[in-house]
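One chain, chain A, appears in both complexes that follow, with chain B as partner in the first and chain C in the second.
Moving on, here comes the complex of A and B:
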């Protein structure tokens, strides 16, 4: 092996040391937050895995009675929900990406450390909330029956309506997913801004590690996909709590609306899970093949292409709903197109291995197995893309085999490979390779024994989600074999967890660069110091650390820094490290999440708790705002941060507004679809066009005042800045007043949320916009007060600019709503 | 040439799917008994062929890369930084694209073939209404209805109209073709020609709550004559119980709450007092059916007594409550229902 000059890591406390329990509860260090995510998700993996074992035990024999129908339905629902939302997503994004983004791009932390902590605590709140039904069921609390969610992980309406699912089960699912959605979007926004804005000076997009590309694209997917789910869940919430009819057939609505909203989220969600796995594989294969990743540009573009296409394929989940031949053909073709970028990835991975000098570590074995297992899942996916075939296979065990090959043999194998690969960096200790190989082979055997026969069960007509089946269907033998396979998988995971526990106790200490790595995270100590890099790296080439070590992408010659140079650099680094200022810990993210949790509990139990929770949330926000100098400004002034052009907060606002676009698009589309399905009662003819034209004019003028305010602050004219700000807020209030008048007027004319589907969609859409205006008014007033206190000057005009972005966005949305809802109100009666 | 290619595909895929022969699989999607199922099957064979081909290429390429064109730790030669090759990359874009084209063309053709623009006019119409958790079948052209057992004539075009009384279900008879969701407030359609007489199994394929697993049904494809005979029998009024236990049972039926949800033509009609969702199976010719409780039990007096005594125990969540009919009364009621051949 060629000489391996190892840069000397800076000696000093690493990120895991010190702080005590309070330190963990208040941490904003991305590495600690990542570890919190990781530990929580691993525990939930135990829960989801136990659920899988119960499912397989029940199905082992025909007419089995291990579980009742009611328990089986809860357990398969929670198995899917847990594995997707509480295990795979948090492990990939919350754990690995969170830990690695700053380390791979050469930064000290993520863009918004407190939001990072908030994402975690919200995730925990959502995960706990989702399981509360078990507690209320066991303790027999409340007057309404309850239990775990029981309508499947995609909870199709109208089964989820209170008429058909009267228990609290679905409410725990609905509110739990809403909380998890907020957590995911916040995390995605944070990571998006971090990757776009905080890369090392020399690290252009085309020099980023492929894992960073995968995470960047994933965050965009999360930002643009989750709002559709949120809208669907809000409709469900309104239906269940306020008696609206978003999914009720009797009012003219259709339960298919849920399927569209869910799968517009749901198919990108598949790639939200798959792309980080692609990224992990693209990191592991080059290192253990001692070769750079093959076809880097195509690998990056294919990620983007997959993400783009993933928004146009949701219909392939709905072929059986009878969308008609045109829609079927369209979705079949778009779905098949995804095979092309996926093919590029598979063949490029093989080309990466080709001609390499291979080291068969456990991580490498998982990565190699991933290629085959994922390909099998991808190829059965092509069958599902072919609409007529899908009609035989969908909702059968064939589709169960398909998505377990994609998410288990694909994504989970990648995650396990990532554990063996990055554990040394994260924990400072090496996972045991012997146990690792036992785990790998047990899992390969157990996994394929469980899921490959499901292809046959599917073609032999076994529907999914049945808690039992009759003997004589020809399904018994394979089901028995599959259960044996599942138990082998269980043993494999026992080995895995034992390996982790043993490693943490007395694993071999890891060097900074145990695998001869290629990317920047291997240039710092294992585990890294709290500040990551004593001296921020340049990141001037692809596989930057490898080039530092060897001089070229191929590892032919030892090059890079000499030992003496490295020592000198280490001394300089130690000196620099003393002056690094890291963000201070904060308790408010935890309090915020606690408040949200209380609001959820209150919604199901006692309304007063909602108010209490709301107050906790509001106080946390205010308190966080007062922490501001300690977290943002001071740090920004004390060290050079090479933001790429735009401020992090502004970039964050842009990302948020992108997400909002999808949110409003979903609301507006629902209105447009439903307005012509209205059966009885008032419809769009009720709208008062002259009044609304006036308030529209006022709102547009407020945007003008907003521009004037910003211009005034920028040129240092604080007085006029404050006046224009208050003017903007005032015009916003006039608009809101108009809306209050309008709503009251309609209310008196007998149009309520519950009256008909025009009423519910109108109030939901226009009301949600009004709420946005209200938030904007509060924001502007706060800024104006800050202005009076002398806190805003030309240097800090950015705060006004960001509020302005939001305000203009809300105005633009109103122009769309005014046009589509008011001006084009003519109802075409079918 | 194309026929030859099809044959080749058939042999390759048939070999891969070997193992399904010899065993009894009443829901097998590969044993096709209608034009619709055959079209889907032929597409399935083509796609499976291409899938297996691609899988073989990927496995072979990866195996070569691992076992042949690579070195191991300890080998002193440093691997070349082989990073890109335009021709190679173009090859694995164009190759898969061509295969996808070969899949897409027959896919789109099958979509258009299986969902005709105009639904047939002279077909036998079958209305399917899904309920939690049983199936209502009616033949509007003949004004009869039945439950959980569907009789169809062979070689005649059949047009299904599917809708649901409550939530979304999915109608699936693998031998006759792919599934179609049964959605409230919407009428979905399937058209097909069954080509072989026989008894086929069907089952709800969309999760619909507690007893989703117990929402099964049977399809009897009969010769034209056999179907006509069955239809003529169904059109007859219910059997007169005469005297004995069946007559006593008839009296119990009329007094018990059965008639709120069930219909026996000429004896009790579907109540208008309750909504659609409160409907239970039509019992006019109940005794002529082979199964009860949506295909989960054989139709015999013992099973029927067990069912009537406590339906939710047999089928979790069943909407028919335990009516408290016991002992001799139960036997008489069973005798009456079974007499309704």
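Moving on, here comes the complex of A and C:
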């Protein structure tokens, strides 16, 4: 390790310089994409914060009418949606993680830079789409008055059905969330592959900064949680646009389905927001205590344990629906268990600070306050685990107090701490510490004044989401106090935004390592050069930069880095920098997102716009594919970048397929649950087993051809490779033909998607699978054509291998569907 | 293993056991019952939910029924944005069983100051029993957001 030249700051242009507006629109630099995320999310934080102020002003006095009830409902819905999807998630994952992942693991960029840009533009498209209601409201568009979404951020069915919510409000929410979901899954996939595959050679998992651990686990949560929400939103879309009955009571369906799908996503979502905050705190506390993080292995394992358990606790949101004693008891116990790994973290943070030489910077103050506020929120969370107590608190202000302590006093405090801690690295300037401390104390006072009394109000029975309340309920005084607290918080945030603006104008210039940091991002200049590291670091120990500086993990008494070697190293670095190839900018991610946005608008307004949007998306994909014609070769020629084991694209495909598993599981589960609830009309008896058995056989045989194709390409037999590829695609087509025949046959027998709940679940499940086969066929044909053009040889058989992974996955899913839907069609479920 | 570690492990286990004991005590000794699905509303194909509810006992006769010595059943139908009946009278100290359902969207049923707290899901019947010992006026509040006039959805329960 000592032999490696020290990656010291290099003089030269940093990532923010140059490029102009077009440079920002076409950027694929993870740092610039992060800044785009950060600026957008901060603006949306202003929106969400203003909404909060309006809510508190309305609730200041009983029988108040500052807002109309219609506006109040839109505003509380958008406050929740905005803060969760448009502020906290993009700030943590899109901004901080995006900026810091390559810098902390010693890489030049993320695994898929263009997908990273695409994630951002899709995020922006989704955020704008959510707010289109303002446009329809002002211009009075549509057949019925429409405004912002107004069914709560949880959007409980069946209030969201068109019968009860006729305007476009819910459509903006539904489609907007679908777009944001795609954005989140793409970002998660990207970051997952980056962390797993691109860490510096010496950086094993147990040497990663704890923030990287938190982000790694968060990306897995996003990949495995969002598909459940996507399925729920697709059902809602079908209900609203195609007259199906997924959440309608009339056809034997039940609105509870939404609650399950939503909370299977929704509870992991809590940890998607909380874990990055845990990671940030685990970075800030050691630096300002001048001690290594206490209990590193336990901190890492507890993150994994929290993530694992978070999938088994969704029922505690549903105690009041009457799930029955067994489900209640199960969810009560899992919800208590999850407190254990969280408790481990709290104690380890305290132990990290214990006996340290503390520096009370603003970042440190926020981190310390985080521990206290988050623990208060965690304690009221444990109360919710007890079903009888939770029942008292369901939908009361107690719950509002609880999750604001978790997400506000917890997560938001961590994010603000992270701003003070990493802003010097990101902007090159120090945030003002005096203003920072003003902001901190105002926020601590305002926050607790606002949210602590909510515990009492909730216990006294004040329900959530009410526009106003009667004077005699005994709630008036505390509500007034809370509103005062909210205004104090508003002042605190004005100080924060003023601080940011002043800093960017004339803040003190930041040194490369202003806090005496421990991790690799502090080893490069502030702001970092576009290529991050002139010489990629070795990353051979935990807190690598600290060890480079002081020689040991714990010691803080070393003489600092030797200045003697610095100049030589800088020269070597500058020389190396000339040979660095960074990914070229691309306009297509922006165009892609624009196409998606158009498709969303078209779905609500004019079908032809959907087609136009679809064409823009398709052309962007094709253009992206041809942007770097010799992608593989160029990467091989340029300066070697370190990859662990598998190729990034293959790792990305595995991550994507993991996400797909949850997607299909949600669809199949819905089919199974609804199968026995069918009221009238055709049911599973209609299925034609002999025909489907034949097409199943064909599909399975196609997997065999796929294996032959890959083997042929690998041994350099291009001719047979192409033949087997076309054979696979042909078998896929036969399967699709069988499905078209089957669907037509059912259609003629009077089974439509709207006919009954068998029809809707069958067509959605089998049709979605058919769509996957169709995509696969297109992919294989493209590969075969590339083969005929001589673009695929044994060196590039990877392209075939990745398509093969997808194809085999789709086949395996079909085996499950064929067994559960077709072969077990007569099996009744209770 | 160090002594401190052992202490912490024992303490964590003890806390968890204490939670479970409290949970068991609440459900068994204090008779805190959780709402359960007391039944479903039979809906014929093509029939709307409101019609189905009004054709199902006891919702064909909403209101208070004496079902035994010191035992009353209160059948209530929730609809956006009211309860039917909106005013209910029960004697103090009697065991009151609420049988409630919704005819349109998901509603809530909460009586502040008591443990009466249920979610009303259309198509399902929610059931919960409670003994009001203190006479007075209680307010039934919908606490599941149900649309624009959600905040006006209340009913009065008089305990005499």
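The rule is short, and it goes like this: the second predicted complex is superposed on the first by the 807 of 830 C-alpha atoms of A that agree within 3 Å, B and C clash if a C-alpha of one lies under 4 Å from a C-alpha of the other, contacts with A are read in each partner's own complex, and residues count from 1 in each chain.
As a working rule, a contact is a pair of C-beta atoms (placed from the backbone, for glycine too) under 8 Å apart; a residue touches a chain by one contact, two chains touch by 3 or more.
Since the model is a prediction, treat every value here as computed from it, not as a measurement.
On the superposed chain A, the positions of chain B and chain C overlap enough to count as a clash. When both complexes are overlaid on chain A, the residue A:166 reaches neither chain B nor chain C. Contact with neither chain B nor chain C is seen for A:750 once the two complexes are overlaid on the shared chain. By the touch criterion defined above, A:350 reaches chain B but does not reach chain C.
In the superposition on chain A, A:243 makes contact with neither chain B nor chain C. Touch criterion met: A:333 reaches chain B and chain C at once.
By the touch criterion stated above, A:202 is placed in contact with neither chain B nor chain C. By the document's definition of touching, both partners, chain B and chain C, reach A:395. When both complexes are overlaid on chain A, the residue A:679 reaches chain C alone and has no touch with chain B. Touching more residues of chain A than its counterpart among chain B and chain C is B. With the complexes overlaid on chain A C-alpha atoms, the stretch of chain B that clashes with chain C is 26-34, out of 8-16, 26-34, 44-52 or 332-340. Shared interface residues of chain A (contacting chain B in one complex, chain C in the other): 69-70, 73, 151-152, 156, 158-159, 164-165, 249, 252, 254-256, 320-322, 324-325, 328, 332-333, 336-337, 340, 343, 347, 382, 385-389, 391-392, 394-396, 460-469, 473.
Only residues 1-2, 68-70, 73, 151-152, 156, 158-159, 164-165, 249, 252-256, 289-298, 320-322, 324-325, 328-329, 332-333, 336-337, 339-340, 343-344, 346-348, 350-351, 353-359, 368, 371-372, 375-376, 379-380, 382-383, 385-396, 456, 458-470, 472-475, 552-556 of chain A touch chain B when the two sit together in their complex. Within the complex formed with chain A, the chain B residues making contact are 17, 19-20, 23-30, 37, 39-40, 43-44, 47-48, 50-51, 54-55, 58-59, 61-62, 64-66, 69-75, 77-85, 88-89, 92-93, 95-97, 100, 103-104, 107-108, 110-112, 114-115, 132, 166-168, 170, 172, 174, 177-181, 183-186, 188-189, 201, 203-213, 296, 316-317. Within the complex formed with chain A, the residues of chain C that make contact are 8, 12, 16, 19-20, 22-23, 26-27, 30, 32, 34-38, 43-49, 80, 104-106, 108, 110-113, 115, 117-119, 121-124, 126, 139, 141-151.
Those residues of chain A that touch chain C in the complex are listed here as 69-70, 73, 150-152, 156-159, 164-165, 249-252, 254-256, 319-322, 324-325, 328, 332-333, 336-337, 340, 343, 347, 382, 385-389, 391-392, 394-396, 460-469, 473, 679-681.
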